[in-house]
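Naming follows writing order (A, B, C and D), and every chain is counted from residue 1.
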Amino acid sequence: MIDKTVADAATAVAGIPDGSTIMVGGFGRAGQPAELIDALIEQGAGDLTIVSNNAGNGDTGLAALLAGGRVRKIVCSFPRQHDSWVFDRLYRAGRIELELVPQGNLAERIRAAGAGIGAFFSPTGVGTELSAGKEVREIDGRLYALEYPIWADFALVSGLRGDRWGNIVYRKTARNFGPIMATAAQTTIVQVDDMATLGALDPESIVTPGIFVDAVVAVGSRSWLRDGAFVGGVDADGMPLPDAAATRAEVDR
Amino acid sequence: MIDKTVADAATAVAGIPDGSTIMVGGFGRAGQPAELIDALIEQGAGDLTIVSNNAGNGDTGLAALLAGGRVRKIVCSFPRQHDSWVFDRLYRAGRIELELVPQGNLAERIRAAGAGIGAFFSPTGVGTELSAGKEVREIDGRLYALEYPIWADFALVSGLRGDRWGNIVYRKTARNFGPIMATAAQTTIVQVDDMATLGALDPESIVTPGIFVDAVVAVGSRSWLRDGAFVGGVDADGMPLPDAAATRAEVDR
Amino acid sequence: MTTRITRAQLAARVAMDIPEGSYVNLGIGVPTLVADYLPADQEIILHTENGLLGMGAAPHETQVDPDLLNAGKQPVTELPGAAFFHHADSFGMMRGGHLDVCVLGAFQVSQAGDLANWSTGGADAIPAVGGAMDLAIGAKAVYVMTDLLTKSGESKLVSACTYPLTGMACVTRVYTDHAIFDVRPDGFVVREAFGDNTVALLAALTGLELKG
Amino acid sequence: MTTRITRAQLAARVAMDIPEGSYVNLGIGVPTLVADYLPADQEIILHTENGLLGMGAAPHETQVDPDLLNAGKQPVTELPGAAFFHHADSFGMMRGGHLDVCVLGAFQVSQAGDLANWSTGGADAIPAVGGAMDLAIGAKAVYVMTDLLTKSGESKLVSACTYPLTGMACVTRVYTDHAIFDVRPDGFVVREAFGDNTVALLAALTGLELKG
């Protein structure tokens, strides 16, 4: 029997060694594998290269990993955010290396790694400083720069639900980088809210087939869902509203 | 109001001119847009270039279009099948041009067209006669050949269900080339069994978002479905079994 | 006396040029204002590059869904007919030229249609590009929406960008508080001057030769 | 006296080498026989390149679903846990090296691991490649399953392929009716000789230097 279920996040990330390249899903906080990141922080691996769209928010999650001095380099499209003070400080102090990649090239380079493409010509970034030094070629009257795949040793991804074969479905825009990162890493670890019985996920709607997944960890329902249905009551960061119940009662009136 | 619904297949294909390049979905008969092809046969456009995995089966559909002398060139991976006698005859007579493309390169080149990739390095076919003349490059110790996008003027695709925005879902392995062809054509025409109310298709499960679709035609349920549920009673070509009811009764016993 | 329309008026003016049925990406910041002026009785489908077509307005504060954000990471809603997809598909959609219109902000736009909008090149600045370079080349029409002049009075329309480029020869049209400019092979053409603004005035403000 | 196992025995022998949990693509023709010998109490997930992981056996003839075919266009079934995807995703899965094992037929395999299995190069033949070239390079291990000799007695293991190539240096192991051969940097190595077959006999049959 194939069973990719892992008991908890700590077990799932236990084998990540120092020096690993780790893809971390998420766009801002949406789809960030918070429990896996927390487990990685706890676990202690350092000298990491992180591939992720952003470079952490606030003082938790990816930002906390950075704050702990565990990350040597980050490959991302948008490190600067209103609450990216941890990255900002490290960067200004020269204590973290940054490879800045336009978001679509980041996505396509990750996909290319997963799909066995050796390199591809992208029109994005041509003539800008982010394409400096890249091979440029005119094809059918348009300029393209040659972009190479981005691989990782590990991918940490957040899905909504999984099964023991590792099939994964996502929720809304929390899907973002998860499905492509799952294809581009040697070892893909997915946290989900809960596990479905094998066969219960609609085979037409599975976004990440289990072939790309090595481990699935159920971490419990996100706080804005109850029995799988959206109930609200949090802000965009998932923090409880100061007086959600009261406000909601008011709306109901 | 956006309404991409078209009354019938004849109307949907009316604007296809002579000399067009047309992608035709399907892998064998599965996912072949039979009603759209029939309408195209009726419509009369000639000097066509067809991009499709196969080159027609039996004497109907794509094979009938070929038999009518309407196709100048076909780009495909597997023209030869047990029932591809129409193509075989035309090819031997030198009356149709063939560009043979390995199936995965065909799929990826179509995707590249839809995704704005100028060209890509593929490991498939390197060192074979199908890569003859292509630029070969060693990347990270592996050989790759440079492959260019394949575009079309029109794509004819078969889905299971659509809505007036052109969102499409497919059924089982009839999905095959449909979703990528839909992205690679100037004009994409999709036949579906039936139309869903806008919002009735699960936004997590839509495979082809409407942005890729120009026209949707409802052609009625495939004969092996009743009220959307599989009821069997046909062979792999969709032809009624000689005595399906009797056989089924026997099985029930 | 020069005429300057307000940001709201400008957003409304951009919205006027977006026909029903268009697929549109509104960049982070000022361009998102355009959404407020799209006619409620028309269907215009908004794309957000983090994986959604058919984006709706912001939710009520009690109905914020942290899994449903726009590219600016603000909470949004989904309309009936919406579809979700992953990042490679979403940027393939843009790069492949499937969007009809993209509206972006700008630091500078050159006569050649070059766009600079992602970095001021400041030595101390934290660099961040996000989807800017993909958006710049990712629609059939790329509209820039901006004040004509910086706060210190310099023209954002320039003969050549001095800020780091976002994309080369990618801008279709520039909507400013003074006028609307088309980018043509031979430079900027005044498409519509607001109020009493004249081509001569605009030429003086920008220091560029402009066609009327 | 040479020992030759039957095609069924060969299929069973290949199946023995596929561990539980493997993702496997069985090529059209003889390799599909392997499916019949995969142990029923183990989960081995079959991929078919036309867009399905978790392929099951053929259906009863009254339950044939024309939308559910394998790469040979024969009706199949789906197992609980199956997933459907489109052609670009399916071939990305192969090209990206995610399959553990692919089993293919062959006209010839060279000492360098080159495979020829798609065309005999006949002038009058209708060319057709399908997914052969993608499969050849599309798995962590590429197993070839074939008779050692052609009907006219020529070895299918060769020093260099004379038929048109399907893929270069892609074959991991060759399962034949006489023996199993590994492809190593220095040529073929006899991994397992069936019955009384000896390395010397196999060398004589193939005309190749073989390691034991």
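Keep in mind that, in the parts below, a contact is a pair of C-beta atoms (placed from the backbone, for glycine too) under 8 Å apart; a residue touches a chain by one contact, two chains touch by 3 or more.
Being a predicted model, the structure only gives us computed values, none of them experimental.
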Farthest-lying chain, centroid of Cα atoms versus that of subunit D: C
Contact-richer chain pair (by C-beta pairs counted) among A-C and B-C: A-C
For subunit A paired with subunit C, centre-to-centre distance based on mean C-alpha positions, whole Å: 28
Subunit C and subunit D: spacing of chain centres that average the CA atoms, whole Å: 54
Whole-Å gap between the CA centroids of subunit B and subunit C: 36
Subunit A and subunit B: spacing of chain centres that average the CA atoms, whole Å: 34
Per-residue overlap in subunit A, given as positions that touch at least 2 other chains: 108, 111, 115-117, 122-123, 170-172, 204, 207
Of all residues in subunit D, the ones touching two or more other chains: 78, 84-85, 88, 91-92, 94-95, 138
Arrangement of touching chains [line / ring / star / complete / other]: other
Inter-chain touch pairs (all): A-B, A-C, A-D, B-C, B-D
Residue ranges of subunit A touching subunit B (in the complex, touch as defined): 108, 112, 115-123, 137, 139-140, 142, 144, 148, 169-172, 202, 204-205, 207
Complex interface listing, subunit A residues touching subunit C: 27-31, 53, 77-81, 84, 87-88, 91-92, 98, 100-108, 110-111, 122-130, 143, 170-180, 207, 222, 224, 230, 232-238, 241, 244, 247-248, 251
Residues of subunit C that touch subunit A when the two form their complex: 48-52, 60-69, 73-75, 78, 84-88, 90-92, 94-95, 114, 124, 126-134, 137-138, 164-168
Contact footprint of subunit D on subunit A as seen in their complex: 1-2, 111, 113-117, 163-165, 167, 183, 198-199, 203-204, 206, 209-212
Residues of subunit C defined as touching subunit B within the complex: 20-21, 23, 43, 45, 47, 53-54, 78-85, 88, 91-99, 138
